[in-house]
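The structure that follows is given in the form of structure tokens.
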Amino acid sequence: MDKETIKSSKKAGLPPGTLIHVGKKKSEHSKITIYHYNEKTFSELEFNEAEKIKTPNDNSLVTWLNLDGIHKIELIEAIGKQYNLHALSLEDVLNTNHRPKAEFYQKYVLFTLKMLGIHRSGNKLVLEQVSFILGQDYLISFQEQEGDVFDGVRDRIKLSKGKIREKKADYLLYALIDSVIDNYYIIIEHFSDTIEKLEEQVLENPDENTLTEIQHIKRQFITLRRSVYPLREAISSLLKDDSDLIEEDNQKYLRDLYDHTIHIIESIESQRDVISGLKDLYISELSNRMNNTMKVLTIIATIFIPLTFIAGIYGMNFEFMPELKWKWSYPIVWIIMVIISIGMLIYFKRRKWL
Amino acid sequence: MDKETIKSSKKAGLPPGTLIHVGKKKSEHSKITIYHYNEKTFSELEFNEAEKIKTPNDNSLVTWLNLDGIHKIELIEAIGKQYNLHALSLEDVLNTNHRPKAEFYQKYVLFTLKMLGIHRSGNKLVLEQVSFILGQDYLISFQEQEGDVFDGVRDRIKLSKGKIREKKADYLLYALIDSVIDNYYIIIEHFSDTIEKLEEQVLENPDENTLTEIQHIKRQFITLRRSVYPLREAISSLLKDDSDLIEEDNQKYLRDLYDHTIHIIESIESQRDVISGLKDLYISELSNRMNNTMKVLTIIATIFIPLTFIAGIYGMNFEFMPELKWKWSYPIVWIIMVIISIGMLIYFKRRKWL
Amino acid sequence: MDKETIKSSKKAGLPPGTLIHVGKKKSEHSKITIYHYNEKTFSELEFNEAEKIKTPNDNSLVTWLNLDGIHKIELIEAIGKQYNLHALSLEDVLNTNHRPKAEFYQKYVLFTLKMLGIHRSGNKLVLEQVSFILGQDYLISFQEQEGDVFDGVRDRIKLSKGKIREKKADYLLYALIDSVIDNYYIIIEHFSDTIEKLEEQVLENPDENTLTEIQHIKRQFITLRRSVYPLREAISSLLKDDSDLIEEDNQKYLRDLYDHTIHIIESIESQRDVISGLKDLYISELSNRMNNTMKVLTIIATIFIPLTFIAGIYGMNFEFMPELKWKWSYPIVWIIMVIISIGMLIYFKRRKWL
Amino acid sequence: MDKETIKSSKKAGLPPGTLIHVGKKKSEHSKITIYHYNEKTFSELEFNEAEKIKTPNDNSLVTWLNLDGIHKIELIEAIGKQYNLHALSLEDVLNTNHRPKAEFYQKYVLFTLKMLGIHRSGNKLVLEQVSFILGQDYLISFQEQEGDVFDGVRDRIKLSKGKIREKKADYLLYALIDSVIDNYYIIIEHFSDTIEKLEEQVLENPDENTLTEIQHIKRQFITLRRSVYPLREAISSLLKDDSDLIEEDNQKYLRDLYDHTIHIIESIESQRDVISGLKDLYISELSNRMNNTMKVLTIIATIFIPLTFIAGIYGMNFEFMPELKWKWSYPIVWIIMVIISIGMLIYFKRRKWL
Amino acid sequence: MDKETIKSSKKAGLPPGTLIHVGKKKSEHSKITIYHYNEKTFSELEFNEAEKIKTPNDNSLVTWLNLDGIHKIELIEAIGKQYNLHALSLEDVLNTNHRPKAEFYQKYVLFTLKMLGIHRSGNKLVLEQVSFILGQDYLISFQEQEGDVFDGVRDRIKLSKGKIREKKADYLLYALIDSVIDNYYIIIEHFSDTIEKLEEQVLENPDENTLTEIQHIKRQFITLRRSVYPLREAISSLLKDDSDLIEEDNQKYLRDLYDHTIHIIESIESQRDVISGLKDLYISELSNRMNNTMKVLTIIATIFIPLTFIAGIYGMNFEFMPELKWKWSYPIVWIIMVIISIGMLIYFKRRKWL
């Protein structure tokens, strides 16, 4: 979170529309892949440099231009020129700190969302921003680095699985967003498992790290929430849009995405409830343990303090202490001590301390 | 909750509209039962296989097709073909992780909600998804397994009790939803009883499991809430619908359902308040017990520590200790000790520790 | 709360519109009283049995039919037939678990709210459902048992006090609701007093029952809130109604009721704040007491432990301990001990433990 | 709060419109002062009795009728008759428990708000209800007792400062409300100071009264909030009103009031946050102190218990204990004890207990 | 916060529109700088006194008048006269306690927001109010003191960087607000760092100041929130405005500001969550430490109390104690003591106290 805002301040003071990549450079290479397809044909092209990009002008084909690695600004600029994109929308694509949103321009829609991943260390959320520009017969997608989330969709296009080749660019957008959202479920499952393990740890062996870990997972859910919440609104504004970029008929699919998003948000909220319950559990477990420590101390001290006192009495050196001379004093003192101890134990038993 | 999301990820990467059963397979058998009825006639048919399904085309009759066991995809597909249902709505029927919703298609409404049950172990909520497709003169209901919640409605149809035979499919939908919602009351009662027992346990004998159980019941209410909350909205959108699937005249009944749902939601919220109160009670009970432990320790230690000190004094071996030689020293020391003890006890009495 | 829902489940599975009394039977007798009045005339009739009910058809008179004891279903049915009431509205009258609401039927409005009382034991809320059916020139009121809250209104009608005889049935409805709401203030005062007493108890002598009592009063406020909150909405929908059941001119009075309801809701919210403050007070009071216990223990132990150690030193039996032989050893040890004690006491004084 | 509701119940059962003063009688005397003014002329009249009230009918003059002491009902009634006011609005003026509101009647607006003061004891909020009736060319103001908040406005009229003499009654209303709201800032400052003092007390010397005082100040803020919150809505409905009582041109001033109200509400919310932080601070301060008490006990006990044990060992009376006979035993024991003590102290130092 | 409200009360009782500077006088000097520019020309003028201000009347140029130091009221008045500004808007400019807002006057918009800074001491927020008045071809900006946040924009105008010279006054407003908002990111980063340091401190060495510091930072975020929250609404009302002060084409930029504001608000909310987590961490860390203190005490006491008791037994002076005479008694007692100690240690090991 802190890291994130630090990067945003890099832009402070610059004129708007200045193209600067805000975010960590996640990949060395930048690559543009262009797919052209319709029901019958399919072609795939790959470019590394801005000058070489060529896109056909055949409106009967859907063009999907995918850019991996957004830090190479000249590529972005070249795409911007070719498709006549507004400077502000290119800026949005480059600024990886944007919240998910749908922004309507005259001839296209800009849609950004977060792709979620788990850091190698296993318990940290990694965010990657994915932006889409949906035009009349083209879709441009921007990823921070090469990923494999879109592979399923690529295969469906290549192998003409499902309806994807029969449909236009809007359906492609849906399919890609859908594959990102499907991935969220995996992330939430991952953290659910972590929470379950933490719960066991709290109940069995809570130590000073446990709360730190609870805090950590809570923070991951704060980030998760911030990444997913605005998505609902973004999809909803796609739904409400009356431009003809999205076909009437495909609204069904968007509504499906919307339902998924709400389902994910609800899962996140439930997990947050569980986490805050965990914290209470942890604190009460601490109290419990303190209580047990106190009980042991109290039992031992309460039994031996009176006995030690009795021993102290007969350790006094007065000349005139008749008991010291009696023959049975010593065993009698022992008996008295045993009786006191047993009495105490019975008392503790009754209080359910034993 | 975790389990739930795990299943959702099974679909990640598949093209939309692919029919896959998402959820536990709760029943071995699948069965289709078809009822045809109007005010005068009534017939009942049963099928096990997709090819054999036959539905009459008599519009003057209401057709109720009930499917128990949604894991048999070919049955779902056969129904889909016969009634001309959209692939996405069949997918919704098969995905048992959906939140309750009403979705309007051109010729029918899809309505899904959760049937609630208690797990055999007695304190775990079991969810079953029930979906309805309401068309002009037919109602299709999908259950995950054979159940008996609809038996009351079946009897009313067979025996022509109440108005059900005089009414159309929309009234049947209402009657079925009503029987599901009526069942919610029983579930809430069950958990209310559990909460009451927990409360007694907290006050009488709280141990380390108590909080875990409070957490558990709290989670059940989170699930309960997630299952019932969206229902309000779903029914409300049925109410607002201006398609002619639901007769003007039957809106009254839907509003009645709506009122029930709100009543149930309020009960859930109240119980949640009670649960969070329970947690406070538990924590303060722990504090109380700790306090009592401390009091016992303090009383015993405070009384005996000074006495032991006095005994220690006269256990010293100095040659010149005049008191050691005096005749009445020993009884005087005893008297002093008794006075100190009584003074302490009075002090504790005043502080209300005794 | 639990009790309440249990009763609701009695209806599970029955066809809608089946008239069953849901709730405790609070009164043995059922009685119908009918008042006919206008500015000039007034008459009062009383019935015990369904067959005998007779209502005049003179539209220039206002008819107020009051039923005490709703468990006698045949009386309800007779009224329903006479006034041509929908089965669902009769069902609502009989189901005492309904939340307050206003429901508009074609020719009448059904208005239900809760009458509040205090249980004989002094600290439990008792709810009674009161339903009104307001038609063009009649008002029907249903009470669970004979009560005296309406007596004031009855007197005003009989003695023609205020404007009540000049006005129509809608004003009568207002007057009756007003008398119920006025009663709420008395209930809230009662519980405010209880809360004040509890606060004193927390500060002076908190014991294990105190928190249970705080929990109890909190629950009463949960019930109170559930009974009053929906009333706001109910009155508001009366206000917004554009049927001609309520005269333009009397809207002022309804708005007055609305203001009262909001005032009561705010009082309830304030009291809830106070209660949750009470709980904090209680918990911190426990901490305080624990702290005091610890201080006493610490002071006594800290003073005597070193002294006992010194005494122990000179209780050792070594042959070569020069101090034992010195003449002034014993008084010197005493002096050292006194100095240590005084030093400790000064230290504790500085730490403000004394 | 409790006091307040008690008074409301005084009206329970009376017919609406009955004029009864609900609230404490805060002043012995009632006084009516009437100001007539326009840009050029100004006159002031004073009355004590109802019969004598005379108001000129010159529409070119603004009439401000101010009543101090609303308990004298005949005065209210006289005003009501003269200005043709609805019984319900007079009732509202008399009932000092009303929440701030603006109520629109056909020919006038009723505006009520709370004037805030500090009780002589210095830490209790005192509420006084001020009501305004704004007609076409007159303003009537009702105060519970003579006050000096309006003095500034009076002077501005008399001395013709600012624009007040050029403007109509609506501007006068604004000026009076403004002077009441300005006063709120002083109240909030007062309580802010109290909170700051409490914070110091918590950090330096928290005792059992501190939390009670925190509770008390929190309650004052609950009352404060209840008095100011509805004001926002009241002013907002004045703003939205399209009657011609308020000139288009003066809306600017009302919007200014609205801004002030929001600013005050935000201040109240901030202070509430600070108060709830204070409570946490107090509780953690208690924990801290307990911790310190425990540390002292632990240090003393942990050092001396083993030493006392060693002394005990050599206090045993066995005949065959070789150490007792050795010459250097006694100094060696002392050295061992000193080493143990120093070891302990180093250990505590490392744990940062010293 | 307290300081702030104190200043507001300075105005209590004054007629509205009276120009008084409410706030600390942050700068000695007041300076007016006027920039005139269009695509081709650029000029800069500077004034210190009100009489000398001259503004050209060339509508083809954009005029930016910037005032540093708003305490010099005659300058404000002079500007007000020249640009024909309403007294209330000048009053708003002078009152530095206003919340951010956009207020629409007939010929201009008043926009105020807070510039944020960090106090020299490093952990206190400093607020400065910046107001803008946007007219058809001019922009007036008011700052409390000379600052350098606008320097970037000044340079862009002088050096004709970006589109600023091609655009009108509305774009200038956007650029200035943008530079203020960019600055917010730096502030939030600063506090994020402080929070991270606090977190380390809590985990490593929490002392009595830690919570005070947490409270302090929490207060800073309350102030931060109050300064930024209303900005969203203010920008939103600029967006919704249909006056022609803001060109259709520049709405994009405003929407960009809006997005930034929401992003900042979300960052603030996240940090607030983190802070409240910190508090929990601190409290549980305290509990942990107390627990550890208790464990040390319990271990030492539990081991030595029984041993001391045994030593006490054989320190008794009874004449008839056979053990005293036995030759191996002393070593046997030692062995017993060692066994007891080891048993205890094993027990503690099992309980995981060691």
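Order of writing sets the chain letters: A, B, C, D and E. Residues in each chain are counted from 1.
Throughout what follows, a contact is a pair of C-beta atoms (placed from the backbone, for glycine too) under 8 Å apart; a residue touches a chain by one contact, two chains touch by 3 or more.
Since we're looking at a predicted model, the values are computed, not measured.
J.: Which chains are in contact with both subunit A and subunit C?
T.: B
J.: Which integer distance in Å separates the CA centroid of subunit C from that of subunit E?
T.: Taking the mean C-alpha position of each chain, the two centres sit 43 Å apart.
J.: So how far apart, in whole Å, are subunit D and subunit E when each is placed at the average of its C-alpha atoms?
T.: Centres of subunit D and subunit E (C-alpha means) sit 26 Å apart.
J.: Touching two or more other chains, which residues of subunit A qualify?
T.: Within subunit A, residues 283, 287, 290, 294, 297, 301, 305, 308, 312, 315-317, 321 contact more than one other chain.
J.: Graph of touching chains, which shape: line, ring, star, complete, other?
T.: Shape of the chain contacts: a ring, since each chain touches exactly two and the loop closes.
J.: In the complex, go through subunit C and note every residue touching subunit B.
T.: Those residues of subunit C that touch subunit B are 1-2, 4-6, 8-9, 11-18, 86, 88, 97-99, 101, 103, 205, 208, 211-212, 215, 218-219, 222-223, 226, 279, 282-283, 286-287, 289-290, 292-294, 296-297, 300-301, 304-305, 307-308, 311-312, 314-317, 321, 323-330, 333.
J.: What residues of subunit A sit close enough to touch subunit B in their complex?
T.: It comes out as residues 152, 156, 161-164, 174-175, 178-179, 182-183, 185-186, 188-189, 192-193, 196, 203, 252-253, 255-256, 259, 262-263, 266-267, 270-271, 273-274, 277, 280-281, 283-285, 287-288, 290-291, 294-295, 297-298, 301-302, 305-306, 308-309, 312-313, 315-321, 351-353.
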